[in-house]
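Just below sit the structures, each encoded as structure tokens.
Two complexes are shown next, each including chain A; its partner changes from chain B in the first to chain C in the second.
Moving on, here comes the complex of A and B:
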């Protein structure tokens, strides 16, 4: 403390301590939860030795329990569906918004940003009431869940792709136009290849957001077959579950982190200098 | 490029999607909140604004004015979110300050990675981790017992029984909210602190300011936009939360507005009242956002003038 007052440019020790404690506090509990996924016993609080039984064991494991299997498969299925719809939709919207100046573009810009600041429960209730009262034919369940996830992940795609569009500038398109390329060639043969790293990065972010989503997915679920991993965690965390719950959470976490790491390296490799955009996106 | 039309055509599908599933969805909340109920207490939305029925809205407002159940829930929400915000700031400011001012190179990269990591760990997994740790024989419960923090909490009235951390304790809910959302505060604060020009602080020091007054009169005022951004970014999801109290308390004594909305809409059959509360919550958050945007704009103008 006193040293900090005398020498303001030195590292104040108490700040080091606070930061270190904070980081331990924020990460260690999850580390312990992962550790207990490997517990050789039914307890999630008493360590009984190392084992993979909750991952691959013949009963009650992630690999063999029907409920866990179903939740994991449904989560990944929704993730893929969401990427396939939200990415093209978002890329087109980003291209459109970036170059479309004039009436209506301001309104669309604002509308595009709103899902990012809307609390999930408000969005969950809104979509629930929409599906119950406006599209009763569509009903709740997988389709509604996918539509809900696309609605809130779309904005992330637009933000990431627009960041890349700004850094590319208009010169390439203009050069292509000067050389006589028709509009669709400017788009398909010039812009899209340049955008590829951003598109891959945004697809990965969408996938990660989708498999981590809880509120919207829960609001739009119907029966047990539409349970996802986060919903399973919510429903059974307080019951008396086995470490299999920790195991399925660990598997999902690994999938999320692998997806994001892949996206990060692809972006860094092919879009040099644009790391800031991905870093910004990862911090949203 | 036969430009204008092509670009607008590209934007069209996204615009239609957001209009239907975002704007119309919001309108559906309004139409249900200002609609009616049938005999099965299912909502009958009124789509035409001329038909709107304010009966259910007035019922909730009357309850709030007369100090009824919803007032209690709203006040509890403000108390929980307010305390959790203050704690997040007290913990998050030194961390963001350290990361922005006292780390360099690779070391900074590592610190930032560790600060960003919680974003990508599923929120429910982070809560599951604490449920394990705070259960009656969990590691944290035993640790808190051994070091005397449990006794301290009981003495302060923050915990009702030994080992009862997960039995409807407001203090556990507040700490869980801090744990859940504090990364949202640290990162914007870090970004703002990182952008402060070191020379301004050096100038203050050269002119004879002590380190403390240099911090209080230069760094702190310059970091206000970051504080505001961080506070708003934690407040928004905290106001909309329902799963944190459900998971770490599971008691109606710690119900916040999100729990109330969740119980009325998703779980229950009073969707009209649930829609009314959703509208009230949204209005509250819009006021918060507008206040934030106006303050940051004013702060920007002041910096520009200075």
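Moving on, here comes the complex of A and C:
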């Protein structure tokens, strides 16, 4: 044991131990939560055998409980909406910022990163005040939630797409221009296909951020119809919790993981190198 | 014949840096024209202005009689082969080559025919469905060439296209490029920092330094009759001599270097006062020690570098300067080891008096370089 631990020619063993401990510690609660989604009983602490009743059972399951169903649908709806708005907008912004050289471009670049570091609670309160006081006509609810989510997910799109733009460089556009392509063809026939992996990756990141978001979405919600899965989990955790909550959390987690995995593989498949940007983004 | 370019007072400034400083160049139609110079001399910026990627600060780019300086790149009848080829990685070879044909009115059938023709021209028939990443460097370079030539430009611009290839492939492609240019008869504007490449391929060379053209002419002219210290120094190996020019006979001048005097019959022989003169190593002949006659200087062999087919001798002449000279490895040079005393013959007709370079040619080595 001491030789395994103290071998000066081997890897630094205590780092291995710390890492292993950390991994167990971070996965354990999630693992337990997932495990109890399959509990054949109402308890979330005592194991009563394996069952899928909280996923597909006739009462109180993810598939049949109207509240759970509504939350899941609303979450996915917001996610898709956010992707459809934030991705094209972010790509356009990234292209614009990349081309813009001169006074003010540095400031704007830095400001694009602000939403990444702003505490979400600050962003949430600020947006709430905005919708209540500046644009009361819009009102709270789905529209406000979508706008709020787009506001903070946009930065991720810009950061990922700009990283790719920098590594692509200007040469392909110049080659297209040289061969006679007018500016919009340089964009459509060359730049966008080359950006595709980054665009897909950023869309996936936006989707994952959207369905996981709690603070902003909570602040901008109006009534029960605008409840999302994270909000539902928070609200019912102290009320009458059943393993159905674990089940819906498991479903959300799977959707998030599947989306990020898809993004990662698409990016790696098509972009070759330069996964750093998306890897960094995935770690957020 | 179309494809004639005149650059007039062409200038490009980037912030505080003057990359190209009011150059005038005439590129005759159908010639292989090379812009040669060290990195940062403005050759690539000049090429990029002809292509349209950079907008000149001032000056004109007259292509077949029309000033195109303010015309965007996609409306110019010139095409470029990029240093890194810039093949579109998401398109296969055929689609890369066909890319620009969309903007030339031609039928689908004609398009296919021209793509096949262009690929045939660069010997890549059968590679249509490959992706650029599945090709070797030399093959990618050919695709880049085909992609540009398929549009039948009047001028083809080449930005160090051989830079990324290994030496052997480079040599082969030099020959092929030159043959291709002769066959097509279109103007090639070639940018390189490799003086050997410039000399072997070009009909005409413009040697650039510090954003200016130092000298333009045929390869033989710029090599054999360099007008400035920079050109003499950049092209090939040359020995530079400093001395005071005084009057001589027959249009030559006499170069006084301390107690020694050399006749110089080439170049700016009308100059007087402190000047620099140059002689190529291959024009200096090595004679046995003590040989008498004009333009002969004694010296000691300081280094003898074996090159295979020749020796390069570094001879320290009286007064301290080192002259480089070449001796063919023909079996006679057995005693040319270090420390040997020799006499160098610098024929007057090989000693060339140089006009001073622009200040840009900052460091001028005192002697051999």
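Everything that follows uses one rule, which is that the second predicted complex is superposed on the first by the 271 of 284 C-alpha atoms of A that agree within 3 Å, B and C clash if a C-alpha of one lies under 4 Å from a C-alpha of the other, contacts with A are read in each partner's own complex, and residues count from 1 in each chain.
Just so we're on the same page, a residue touches a chain if its C-beta (ideal position, glycine included) is under 8 Å from a C-beta of that chain, and two chains touch if they have at least 3 such contacts.
All values reported here derive from a predicted model rather than from experimental measurement.
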- Overlay on chain A: chain C relative to chain B, clash or fit: fit
- Query: Which holds for A:82: it touches chain B only (first), chain C only (second), both, or neither?
  - Reply: neither
- Consider the C-alpha centres of chain B and chain C from the C-alpha centre of chain A, and write down the angle between them to the nearest 10 degrees. 100
- Check the residue A:193 against both partner chains and state whether it touches chain B (first), chain C (second), both, or neither. second
- Scan A:177 for contacts with chain B and chain C and give back first, second, both or neither. both
- In the three-chain superposition, say which chain, chain B or chain C, touches more residues of chain A. B
- After superposition on the shared chain, which partner residues are touched by A:159: those of chain B (first), chain C (second), both, or neither? neither
- Query: Taking the superposed arrangement, what is the smallest distance in Å from a C-alpha atom of chain B to one of chain C?
  - Reply: 7
- Determine where on chain A the residues touched by chain B overlap those touched by chain C, and list them. 177, 183
- Show which residues of chain C lie in contact with chain A when the two form their complex. 51-53, 72-75, 78-80, 82, 84, 86-90, 99-100, 102-104, 147-148, 151
- Message: Please output the residues of chain B touching chain A within their complex, sorted ascending.
- Response: 1-4, 6-15, 17-19, 21-26, 28-29, 31-32, 43, 45, 91, 94-95, 97-99, 102, 111, 114-133, 135, 137-140, 166, 179, 182-183, 187, 201, 205, 210-212, 214, 236-237, 239-243, 246-247, 250, 258, 261-262, 265-266, 271, 274-275, 278, 281-282, 285, 289
- Task: Give every residue of chain A touching chain B within the complex, in rising order.
- Result: 4-6, 8, 11-12, 14-16, 18-19, 22-23, 25-27, 29-30, 32-33, 36, 44-46, 89-90, 92-93, 95-97, 99-100, 102, 108, 111-112, 114-115, 117, 119-130, 132-134, 147-148, 150-151, 154, 158, 173, 177, 183, 186-187, 208, 212, 214-215, 218-219, 229-230, 233-234, 237-238, 245-246, 249, 252-253, 256-257, 260, 282-283
- Of all residues in chain A, which touch chain C in the complex? 171-172, 174-183, 189-190, 193-194, 196
